[in-house]
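Next come two complexes built around subunit A: one with subunit B, the other with subunit C.
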Partner chain A sequence: MHKIFHNQQVFLTLTLALLSLGSLFLRDAYSINLAIWMALAALCAASLRFVTLIGELNFAIAAFYGIGAYGAGAALTVYNIPFLPALLLGGVIAALVSLVFGYVTLKTKGPYFLLIGFAFTEVMRILYARSDWLGGNSGMVGIFPPSAFGSYFPFFAIGLCSVMILALYLIERSSFGKVLTAIRDNDNVVLSVGINVHMAKVVCFGIGSFVAGIGGSLHGFTNNVISPGDFGFLLSTFALAYLKVGGENSPFGPMLGAIVLLALGSVAMGMGAGEHIFYGAAIVIAVLLFPNGLVGIFSWGYKKLVLDVRSKGEALHESRPAAKPLHKKEQVNG
Partner chain B sequence: MDKRNIETSPIAASAAGHEVLARVTNLTRRFGGLVAVSDLSMEIRRHEILGLIGPNGAGKSTTFNLISGFFKPSSGRLYFDGKEVTGKSALEISRAGLVRTFQHGSLMRSMSVYENILIGAIGGLPHATKKERAIRVEETAEMLGLGPYLNEVAGTLPHGIQRLISIAIASAPRPKLLCLDEPLTGLNQTEVMTTLGVFEKIRQVFGCTILLVEHNMKAVMQICDRIVVLHHGQLLATGTPDDIRHNDTVVSAYLGKRHGD
Partner chain C sequence: MQTALQLLFTALQIGSIYILFSLGLTLIFGVMKIVNFAHGQFFTLSALLVSVLVPWFAHHDVPLLPAYLLAAVIAVAVSVALGMLTYQFGFRFFQRDLSGSFILSIGLVLLLEGAYLHYFGGAVRTVPPIIAGDVSILGVTLTSQRLLLGLAAIVATGALYWILMVTQFGKAMRAVAIDHEAAMLQGIPFKRIAFQGFAVATLLGAVAGALLAPISVISPTLGADYLIKGFIAVIIGGLGSVPGAIIGSLFIALVESIGGFYFDPSIANLTIFILVMLVLMVRPHGLLGNR
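Entry: the complex of A and B
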């Protein structure tokens, strides 16, 4: 059991490293841009997945992504703060706002929390549109990464997304991550052994929002222009689509979902069709046929093809120290 | 009843002293017009196993929720381990060393048994290293006979084992007072015997005091040092199992008969 998890960690690290390095070999501007958007989409979906550890659907993710983008954008263009501190500031502002927001709203659960997140996202969008110092309706322009990056900015952005996706996974595997999962399963039990459930939820939400905020900052630096309409609730919906299509039970799910759906979307754009039709169809198919998403299909295929073909004794013996307990179960029941 | 004599060693019997660990005085809780618990005073002594019994609707669960801080009392006072804890939150009370279980599913179904007990260990050892917590988990699992199941997903195991997992989670923080809410419901006779043995071990080895809310009268009579009987939210009787068994008011409350009929 532990060995498999350990392997997954290594596998995830390798995949992320390869994807980041692979982006260095992209030559045409369109592919490079698409790769960055895929990385940002994967990051959003990973952040959303992180908050699902406590059992909540964070529809406010678009708001914190937006706060990150506007925070970094304003720091750079209004206050002339240099690139790296500005980038970091986007994440920090998003995290700080989310800690206050989470402290108040995480007393609610399920649909109530989701609706508050949705409302907050819309409030923030209207707030940007009404704030002239943030560019109002037409948005903010001139958010450029330093020229010293040259052509390496895409690699930097994708690499940073990868590092954060990996960091979220490592937190999920830690004791704190176990506490979060336990809260989703049964928060009363966690509270009854003396763990501050509310604070754990707020911190989880804060971490997810920090990551979303950094993602938003990178969005601004990639697009050079941001406007209120970029950060509506549709962004949260798409993040959810990447997560569901990719598979929410695995750390690979968000990446796989984002890459596949954005690739489909770019093909659909080329054909002159709306990408949203593809997204819609993909979500319906994924939810109806593959509840564990694309990752579910892959792991099913892996089991069918690799494990069945391999000499049965070896593979099965290793993964089943359960023979003894099964025997005991009968004893206790009988 | 023989079982009790076998299970209770002389050491444990003498360890169940008269020092008070927790005390409630004049505890009352109203829900709208309903008085669920009315002017209840009782005490829990260190190292004893105290049974809290009563017919359905007697106020057992409410009392349980009041003691563990999940409900706030309408009036009355609560004392635990030498301090007043009236009005304290469930978190503060659990950190003071009072851990409770829940009647329906007191475990994390999607997690492994190891992870389930680990949550209890994290609660009890908030600043410990991974290693120290692992030792705690293994000690606890060993004590409750859950060793062979550590890597199994909790929700897939039989009911009897799931009950033990709940108790393991709650005893992993080594609470001063372990409050168990109907831990024997749905268990067969063999499983009840195993679980009663586990209570005795938890008391002796972990040094916990146990408050037991339970419907299984035979088991309560067998394992408890003292019993508190509630009826219509009020204290009806308190005493040793023998006192309770021969108490006419208790008998009539349970059987619905008037004394002397």
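Entry: the complex of A and C
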């Protein structure tokens, strides 16, 4: 059991497979819908997390999610392209736009990149609203998945999200992922060993945006209706909330954050609390009290319960200097 | 000629509010190296309070001008108090932590906007005109109210410039902005300066909100629009640079008034965005920013 828990890759695959298969057992429309939104939210947060590997906060994610949704929607309803190519097209268009956008903006760093992404999201929203062939302000209707799916579309959507979350994780673990982390830690060192830092960043950004674009396509097919207002900067903000509450250091963080926040959110909304207040409070509390998110709390609890019990048997080796500071910090914060 | 002058004056009017707003943003970034999205919320609160208090005072037979001044003072005081509260219990722990402070501020944006919507309602409000009459300058007609508010904004900007350039507090703030560790070695109390810098920045935002209230329609989501414009102004000028913020704000206001006159506001917004991209391609740290 411990082996599995420690082998993140296996554990993540199993979790995702179980969640996807579990969605087959949902019967009522409300929980099926909630499950899809959870998967899409987790996907957005995972994409956001992927770009944090190079140390940037990608606030343009709502723009690329929107481009994916509009790309797939226009392909299906305007140009009558079949479902699967249309779905893919959403992601491809988002990736292409992001490569151009990223090539220009990734020369900047930190706050500049963050703010320009924020502005880009708003610009895209204006563009959708002004494009009459995209439905203008009232949006686009009639984006239906093919009827051949029957009741299996939710399973397809959730499964696809899971596959992409897993793919992002595998890229993170690959040698390319190590380059990305190295760029975050110190890009000059990476530059000095002859790696093209700028292109690596652009590719990372492109991959994240492709995934966000596919997520957007699925959003369109799930909701059947899209409008410019769906893809404002609030979407990026919510994605950030899922990531932050779940914990950004672990690949489980985005999933955990999305599932917990959406579940709590749907309960809170039922009680009549405002969506903004709920997510705002969740972010503020998470940032101030639990810097490592829910995953941080779980891993602290896991260490406390399992590892301490085990180490009691070997009392002579009780002090593990490397683990101590981490313990202390999390105790103070949690 | 007439049109050009009219557009220039419009740009100066819009620009004076943008300047006050973006000066606060650039000041906070300079001193604490954080991106404060919640800045727009203090601005909104101030404008909202003025729009609620002025009719309330007027209802209790206070003449309009004193009512406005009183409302503005209360609104600014409450907004600054709220700002200090968020500093004391939040931003204080996130100095020089860009993503942490940004995430905290975005959480505050959601929280405060939700709270405003709950307490003030979603409807837009207007403040009755405080000063009636028009003024004619160089053949261009302006309402005297807008002229006075523009002048007030210019005075506030001048005062900030004076504080930064002449007073000891201002010099300490500039030193902290350039290199906080070297400043500390010189005996500058970094934490206190950061606190005061945050307070001054919030004050500027709140004053901008109070000045805007009589000349605009006020809604709880007012801040978001100004936030985007303010940040674009600061990016163009360079984060942390005071003259940069002023130039950026005037630039945006000019594009907005010309684009809004000949085309329409959303074209103006697109143009602004494209220009920002161009500026960043040539100078990744803005026109006047140095890292």
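Quick note on the criterion: the second predicted complex is superposed on the first by the 304 of 334 C-alpha atoms of A that agree within 3 Å, B and C clash if a C-alpha of one lies under 4 Å from a C-alpha of the other, contacts with A are read in each partner's own complex, and residues count from 1 in each chain.
Keep this in mind: a residue touches a chain if its C-beta (ideal position, glycine included) is under 8 Å from a C-beta of that chain, and two chains touch if they have at least 3 such contacts.
Keep in mind that this is a model prediction, so the values were computed, not measured.
J.: Does subunit B (first) or subunit C (second) touch A:N186, or do both, or does neither?
T.: After superposing on A, A:N186 lies in contact with subunit B but is clear of subunit C.
J.: Given the touch rule stated above, what does A:L127 touch, subunit B (first), subunit C (second), both, or neither?
T.: second
J.: Given the superposition on chain A, which partner contacts more residues in subunit A: subunit B or subunit C?
T.: Of subunit B and subunit C, the partner in contact with more residues of subunit A is C.
J.: In the superposed arrangement, does A:V78 touch subunit B (first), subunit C (second), both or neither?
T.: Touch status of A:V78: no partner.
J.: According to the stated criteria, A:A241 is in contact with first (subunit B), second (subunit C), both, or neither; which is it?
T.: The answer is second: A:A241 touches subunit C but not subunit B.
J.: Of the partners subunit B and subunit C, which touch A:I195 in the superposed model: first, second, both, neither?
T.: first
J.: In the overlay, answer first, second, both or neither for which of subunit B and subunit C A:A263 touches.
T.: neither
J.: Identify the partner contact of A:I116: answer first if only subunit B is touched, second if only subunit C is, both if each is, neither if none is.
T.: second
J.: Going by the contact rule at the top, pick out the subunit A residues touching subunit C in the complex.
T.: On the subunit A side, the touching residues are 52, 57, 104-105, 107-112, 114-116, 118-120, 122-123, 126-127, 129-130, 237, 240-241, 244, 274-284, 286-288, 291.
J.: Which part of subunit C faces subunit A closely enough to touch in the complex?
T.: That would be residues 29, 35, 89-90, 93, 98-100, 102-104, 106-115, 117-118, 228, 231-232, 234-235, 239, 266, 269-270, 273, 276-277, 280-281, 284-286 of subunit C.
J.: Name, in rising order, each residue of subunit B that touches subunit A in their complex.
T.: Checking each residue of subunit B against subunit A gives 68, 90-91, 94-95, 99-102, 105-112, 115-116, 118-120, 122-124, 126, 130, 133, 148-149, 151-152, 157-158, 160-161, 166, 169-170, 172-173, 188, 190-191, 194.
J.: Would you mind writing out the residues of subunit A in touch with subunit B in their complex?
T.: 1, 175, 178-179, 181-182, 184-186, 188-197, 321-322, 324-325, 328-329, 332-333
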